[in-house]
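Structures given as structure tokens follow.
Two complexes come next, and they have one chain in common, chain A, joined by chain B in the first and chain C in the second.
Our next item is the complex of A and B:
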């Protein structure tokens, strides 16, 4: 693999995926920073990873719980942190015209 | 600056309260006075919780008055990192995006602290969303290292470390995803333990890297640390990754000196060029202390450990990019006022609400998970994580524990590393492998460098070996006398005096 170089267009594409609106100075800085960090990450290419599992082992098998309702919080209590509500629902700008 | 022990520990204070010599409310008042006197210089707290703390202290005094036995550590004031929920108290994560967020429920650790009646005095500063090694990524304030206020306390749980090391409170909780408790403990002459992954419930801890995050305690003595872990550890049906094994009596294990202990020295961390010579000398000193107790030493190799930082910055940021997708300005937190449509509501809210380092990590994680790059970055990083886990397993077939530095250097100057993210990331070279492997790591004070700055070392053990780490840490604490270390200037002011 070639040494990672992240262009400003790459940064803009990823920012769209991440739902971040970056200004031009940020795009420029991030292209440099991400290229440098990926340079560090590419040291991983020195390793032979043939046959190594990419599924992390865990200390104990997955635990299952009964499928029952529990910990019911009061709606008004949970919605107190919302920027805009109509009493019952969260309000957002119009999604469909 | 030299260290000498302050008279009271958390356990001593608890005993004095239990015997009626000290009231919990008087201790709490003293604590808030100490905070008012000291925290202006340290900037460890983001906000206080005086009413809740007062209620808990009253509850303790009532229990004493009516002759009820007190649970472990009852009455001892504690501070919580501001990414751990306390119902009715703000959890800002040191981020603008959660500036006015009031936790609607208690974290499981908070429920346990309440059951044990420890007054929660306030919430402490951190790197925004626990992303950083110096506490400089907070949107609100710069916390200072009490041993030298021109230096960082370490991160990300820097506020929690700073308030314990400046004698404002004897105990605090942080969270450790890549060293965020062990590094500040080392920089501030504290004891800190990152437990085995799953030992402490993560319910109510704001998520950063979910497969790595673990709530972790700070204290000034091994026994205080052991007692606090005992209080917060245990199975929790609200966290599917919480371990179901019984929690041992860590406090009792502190008094069982290790017998025929086999200790491994990690070749790759000892040979590193960047290791400060004073730290090497502190390791030699600790080796002598343990040899005096009959321990034997051998060098072990963790061949993949130098790839840990690279693996971590893909795994952790990938998880972060997913975890932080929830901050969209809809259900809670900041909302960009001027957005005309839903897409710009998301993008502008996140642009205004997140700081530079958080954006950098979201971008890196999103990139690593994006189409065409997943196998080359995320898949590879996960495989390397597996190799690092296996390195530790192999090492623990030969030795009981590992002794290694907590960081390659002592506390650095504020501003020294902010411009270079890669250099900042490499600060965590000795702590990150422990989170990737899910094993416990305990950071303990092991002396001071030529500038008088604390040196911290780590003890690492296999999964579930916290008890062994506490017993070795206690033996080292007794041998070194590095117990309840406080800078001279803070000895007279705080709660421990």
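Our next item is the complex of A and C:
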């Protein structure tokens, strides 16, 4: 069984997608940490799953919601924890493409 | 002449366009796809949000059953297979229009797949139609657009709106076919009442994938994606321009860059959006918050049984049952409200051609002038039918009927009441018409001579004069006959 590992390049790629700025030490540390986490998940491979089909999620039937409004929320309350608001809007810093 | 054949003259090589459309329709539900926030258009910013739309920690999305039903109905109308099991996936990207860092969409198990619709006599394949949530809206501050902006304002009313993305196969071969495909789709979703089909308000959005290749070549060229065009006319123009741009690049040996482009209507060109393609790594995985949906065949059958008449079925019925021409029937099918009104009026008079003429002519003109919808006027099918019957019976002239129309569209009187009140009944009394004809002829002796000399066209002028004298109430056929009789006997 091969050990899954996260390279430093993987970390940099995901960090870029997530708009995270990491220094070299952090990249190295995260590569090690994330590899360890994946390694831990790999212990699941010890289970005998012969004959068990792939199940992306629980096999319980889905729950549906009726198409009606049940709760009314106060906007000011919902926006209370936002770092910055501007009138009726959330305000976010300059977007980097 | 199409772009492809124009280029052919310059270089001896002929090209064909390969086009596929991705159309997002907003499903007509009361609440969002995964939360009970309302979907009403035009609310104040962030007024229609819940902790789920805002991506608050610890919340759980729950699927709106109505959205799934509308997706199935649309899939059936598109001749698609409906999946027995379908699931939701997370599509990851970091942008403030979706605060939770991913969009809930469907990746490899879409709810509808493998369908088709017929466009201009050709069958266009539908690869898939999948459910997904919409993103919020950004207003960039400190500049006109994103470039140069110093901050952005976020309105999350649209975040979580239920969308069905309908993806065609790359079967479309011309800009006209692309436009008609889009129009056909819009008609369809309006008929089955799953979407408003309003491009300007964004309840329907169209992206176009386009590439060119030498005719006969089977390998696909590099494609570009034209985004967010808000009218079908623009779509056709943008495709024409883009195909020509790509052909010019190929002819001069340059590479086509796979990228997203925007149509600039003012300049009449497409422009690169300059987005970094390597940022498109969506890392899809099944959304663990949402269980897979199992759709029973019984449920599909029940939804299919509610399928209303589709546009192509109505077209055939209007032609077969009412004897309308292809042109008339198409006009009435494309404007659904007029077609509905036609159907109701046809229960009260058998002069179907007249109903079609009124609806597409004078009634449409009044609606355009007053910027009104037919439903907002007081015109009833009974009154329109009655006016047609009064004209056919010769009680009123068609000129008078036209004058009555505004009163019928903004009042509560019947045509008969209006005719009685205003004394508009057509004059069919031979003696009265003869007297008016004589007066007109006495005032225009030259015309009599001209008519006798063979210039029979002057008759039209004379009829018009008598009509005027009668204030539009004289029977025109009788005027015609009486004038000829008097002139020939003089």
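Just so we're on the same page, the second predicted complex is superposed on the first by the 62 of 97 C-alpha atoms of A that agree within 3 Å, B and C clash if a C-alpha of one lies under 4 Å from a C-alpha of the other, contacts with A are read in each partner's own complex, and residues count from 1 in each chain.
Keep in mind that, in the parts below, contacts are C-beta pairs under 8 Å (C-beta built on N, C-alpha and C of every residue); 3 or more make two chains touch, one makes a residue touch a chain.
Because the structure is predicted, anything quoted here is derived from the model rather than measured.
Touch criterion met: A:75 reaches chain C, while chain B stays clear of it. In the superposition on chain A, A:90 makes contact with both chain B and chain C. By the touch criterion defined above, A:53 lies against chain B but remains apart from chain C after alignment on the C-alpha atoms of chain A.
Legend: residue contacts after superposition of the two complexes on their common chain; A:63 is shown touching both chain B and chain C. Touched residues of chain A were counted for both chain B and chain C, and B has more of them. In the overlay built on the shared chain, the residue A:17 is in contact with chain B and with chain C. When the two complexes are laid over each other on chain A, chain A has residues 17-19, 56-58, 60, 62-63, 65, 71, 73, 78, 90, 92-95 in contact with both chain B and chain C. Chain contact summary for the complex, chain A toward chain B: residues 1, 6, 10-11, 14-15, 17-22, 26, 30, 33-34, 36-45, 47, 49, 52-60, 62-63, 65, 71, 73, 77-78, 80-84, 90, 92-95.
Those residues of chain C that touch chain A in the shared complex are 29-31, 36-38, 44-47, 49-51, 54, 62-68, 87, 92-96, 101, 138-141, 146, 149-156, 274-276, 279, 281, 283, 286-288, 290-294. Residues of chain A that touch chain C in their complex: 13, 16-19, 56-58, 60-71, 73, 75, 78-79, 86-95, 97. By the touch rule above, chain B contacts chain A in their complex via residues 100-102, 104-105, 196-198, 211, 237-238, 240-241, 243-244, 304, 306-307, 309-311, 313-314, 321, 325, 328-335, 339-348, 350-351, 354, 359-360, 362-364, 366-367, 370, 376-377, 379-387, 389, 421-422, 425, 438, 463-464.
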